[in-house]
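Next come two complexes built around chain A: one with chain B, the other with chain C.
And now, the complex of A and B:
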């Protein structure tokens, strides 16, 4: 069977004009979108990421170029074991060539390892831990949208500089929370601040009042929320209930996304400062993309930076395949690192040897209800960090690939 | 300042109070489950979804009909209860003669369907619901800053729990109910409409879940998963208290809220497992639960 197929392939190589397909395993480029489709991260990633991937394939013009691209998706339920099992099945039996998105750092770390073992490609948009380009970096993984170091650097620096020099962390108790807390603590200490205490809560907690009370008792000026999605929403909402900001302490949401603000409402979220690498209202390109995205997304959601990252990563991935005419994971990733990136959402950028995608980051502040002109008009961009300053210098990452 | 294991006593008081507030929700929900199990022998896995429905009813009433929190407090439990009775009449009724397992499977399936539909429609981040004007703000108790709304939650759930216990254990209506579970044929022979009583009881249990949902809406996001996150813990509460024991579920609900609150101070990483550890221990020592009797 196999021999027959390679014979056929050889024939088509010799005669067919569309030779581009020849090196593509089984003639189809199969993209697997793996993320949280039903839990606390579903609005930030979930079905929206599938929409973003679809738009990327469309905009790349795969059909016109004679490339056959298929998208499959699955729900990893934020569980590393579930995610690993899906990744293995996809690679081994479903002929998936690349896995994209994968929020939840613990799952992403597991998938990264599997991808490396199988020689496939992994484009991370959803997960945050900076270890993916640090001690756990891989020649088969590119970390696209953001990471914990960048968040800590962007948000942490800005807050310490404006006088927030004592911190208390409320941290999600898994790989992501630990990495975010570690990276933020480093920034706080480096800029002369102090960490007065920390508390770790299980992923997907409903009631944060106990943790908030401990934060209040610490008398820290800043309560750093090293969590995400539903956990951050509940923390912020309940902090308002307990009058924490009114009493003089400030919240630092270390990882906040546009859909979180949408869910909280401006009344509760106003004044929050955090870092994002994408906002829908940055320029004409982002606005045009958002219009198309929203039309297809569930409940007409606007894109989070994770969705934007999936779009940008998939486009660049397809460009690399077009250039080398092969979908071999290791080779494509190497090619992606060689080529400069350019897409409507993140503009021009590049990918470093350790797998870190570089682009600018934006320090944003949530508008007051009176400042917002309409639905989804939520951010004021306070500062732009250029690409070379936004992310961790390659030498500090301890990535074995660049030693 | 005096300290207990490195935690100032004052802070500890605050944490105990917080635990009590969470315990209120456990108590309200496990009470409904206990009533339903005690009187219908149905393990109602839809309870979490019905709690979520209560919160969504409150959200709809506010945003579509302009009716505020207090109206919701009255209407949402009735609406959830009516929905519950519909389920009982059309589906659960068929299962009374079968093993518990069938009721469990049916209600679990229903819960998945309801949650899935709501997630499709409203997403996972949830919808905001404001704290009612009258109960916004907070007071300083000296050892902690207590939001007025949370104080109301403790008060309201205590009243509802004690009221329910009183009706079932101390009134004539309650005695009919209890008799009907022991021997429905005999009670029916006395001219009492047992099937209708069972329907109303299920409706009441579901109504309690809806009520808890309304009370939870201003504290948490109104989100499709809110019930799924809670229901497993609540089942553990019911098992620890003793399946079907009314008093057991109330006392255990509040007590486990306290235990969980303390865990969040001393070893927060274990705060979502501590209840199950207690459940395992209780089941080993007293398989029928703390307040349960072996049937």
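And now, the complex of A and C:
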């Protein structure tokens, strides 16, 4: 009898242990960093995002809390077919629990769909299209760092108000460019400006001369660059060669990152106005993070806001897992939305039901070479938009989740 | 290609017993039926669609002697049309695939009529030029959604009954399509039509002097190849639930040339082997990023220098049996 009972006890104990184990699938939380490792967005995202994720796991203290966290990474080459194939393989065979970063809106939209089908979690830092929290929103996706509506609202408003009321757009021809152009155009029209024309270029273009000449011929006061990364750098450099700014037209880089300014140099970039949600020189916390990040990053780059977003998102993700003791994608995302966010880089914030992370945004101006006190001292913060004004109101997004 | 290569895979010895090809075919089918229980089904499905694509391409170059450098347009067109039909018009998967394949067949007739008027390098250049025009059309036209591609294409219910979102159901569906395409190609190259095609490949003026209207034969071969490439493209769109610009880009046309050459030009099984090798490399070397293309280039050079008949071609030569 006693023997029988102890056997029963052993079996039930084994089951209990099995159940506890099953909460975190295979005992490991596997984070997949999927981005552009070698192309035009490599400096803004790329290996830097892997560094940011690693720092987040360290700062969360996963090892001390007995959580096993692994980070894998891959290059999606900015192609939706490559990106979705990697995402599928990661979820199906490599036991990846969450995919983070994913710049290039077309790839992000594809990964968001797959993540929803597989019931995993997707934390977007790199992609910009506001559709991720709009008509393409998903219960498994959180859009972390910034979006096209926020850029358009921050930058567009500021420029129209200072007299830049006629625009010509040079737009990257894919989901991100279209969304950015659409959102900026809406802001320009709303504040009483006019759009004189637009031209679209393929992703990763080397020669912008024909597009810039069209922009010049339009006689618009502002040439809006609805592109990013290497494309923005090329268009700004070539605009300088054409003497467009000297002739009286102004460039508005709608999406510019710190590493872009580093690549352009202050001489070319001075006076550009744009919106970011993170700058390394904001406070002691951001400076301390930057020091650690730069030590590990390739070519000692300073972090872009995308890197900061990856760090912040991974910390909050691990906190949510700690709270509910499960790594089920849908449940973790729900928990992340429930808990307020708090991390050294973005401070206190929250996540809305449509998956939009809320935090302040900064309107910055690039310093003149004479104003810069040292390496990477590039921005003057002109204005801070509080979290409740920086992002699109829920009601305007058409997200099916909040109807 | 030198004439000795053609002779190696050519007409004379293929007239012999085809029993060993039946054995090889059976082995292939058994392997494919067992494979999804060992390997990742999506990877296998990708390889199968490319194998069909390479077989279709091989029909034209290996048996018709026509090197098309624009086959991506058929793969991509069928993919886009199938994806659009399945997603926007709610077609069943079988009709969406047929519809996409039909679109490629039509495109094959139009481009074929223009291209087959010339031979050799001019033929290759005309097909490349047409493919680039088609590519530009897909970049600009709104229904393809530019760089985004048509995403989240539903796999749907096959014949309204079989749920294709289950990986194994989808796999066997793709396998059936592949085998049907493969057998059709096998039938074509062993038919009288196929014999005439080989005669044209060997010596076109002589075929003309024997009274064959070679242009009509070449056009039919071109359209058949385009249609089967389209079948592969339409199936691929459903497998990945995505139709993107990669499939119409000229590099895709180059890749299928590589697959066919590596496996063995003018062999029955060569393109299948070539496709599996290239896709496996792309899959497992993906971490090396851009280096995959360099490695593929090196393999191509090695293949052309060391074994010009391709893997299966050399094997067949060694066994003294056409495979």
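In the analysis below, the second predicted complex is superposed on the first by the 381 of 403 C-alpha atoms of A that agree within 3 Å, B and C clash if a C-alpha of one lies under 4 Å from a C-alpha of the other, contacts with A are read in each partner's own complex, and residues count from 1 in each chain.
By our rule, contacts are C-beta pairs under 8 Å (C-beta built on N, C-alpha and C of every residue); 3 or more make two chains touch, one makes a residue touch a chain.
All values derive from a computational prediction rather than experimental measurement.
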- Item | chain C versus chain B on the shared chain A, clash or fit after superposition | clash
- After superposition on the shared chain, which partner residues are touched by A:242: those of chain B (first), chain C (second), both, or neither? first
- Task: Applying the touch criterion given at the start, work out whether A:38 contacts chain B, chain C, both or neither, answering first, second, both or neither.
- Result: both
- Report for A:259: first if it touches chain B alone, second if chain C alone, otherwise both or neither. first
- Which of chain B and chain C A:74 touches, first, second, both or neither: second
- Task: Quick one: classify A:230 as touching chain B (first), chain C (second), both or neither.
- Result: first
- Message: In this superposition, which partner touches a larger number of chain A residues, chain B or chain C?
- Response: B
- Message: Looking at A:295 after the superposition, I want to know if it touches chain B, chain C, both of them or none. Which is it: first, second, both, neither?
- Response: neither
- Is A:202 contacted by the first partner chain B, the second partner chain C, both or neither? both
- Task: Examine A:217 and indicate which partner it touches, taking first as chain B and second as chain C; both and neither are also allowed.
- Result: first
- Message: With both structures aligned on chain A, tell me which stretch of chain C collides with chain B: 1-9, 19-27, 127-135 or 145-153.
- Response: 127-135
- Taking the contacts chain A makes with chain B in one complex and with chain C in the other, which residues are shared? 38, 173, 202
- Going by the contact rule at the top, pick out the chain B residues touching chain A in the complex. 8, 11, 14-15, 18-19, 21-22, 119-128, 131, 138, 144-145, 147, 149-150, 219-221, 223, 225-226, 229-230, 261, 264-265, 268-269, 271-272
- Query: What part of chain C is in contact with chain A in the complex they form?
  - Reply: 40, 42-43, 46, 139, 145-149, 151-152, 167, 240-242, 244, 246-247, 286-287, 289-290
- Item | Contact set on chain A toward chain B in their complex | 38-43, 46, 173, 199-202, 204-207, 209-211, 213-214, 216-217, 229-230, 233-234, 237-238, 241-243, 247, 259-260, 262-265, 268, 298-299, 301
- Within their complex, state which residues of chain A touch chain C. 37-38, 74-75, 77, 79-82, 84-86, 88-89, 92-93, 105-106, 109-110, 113, 173-175, 202-203
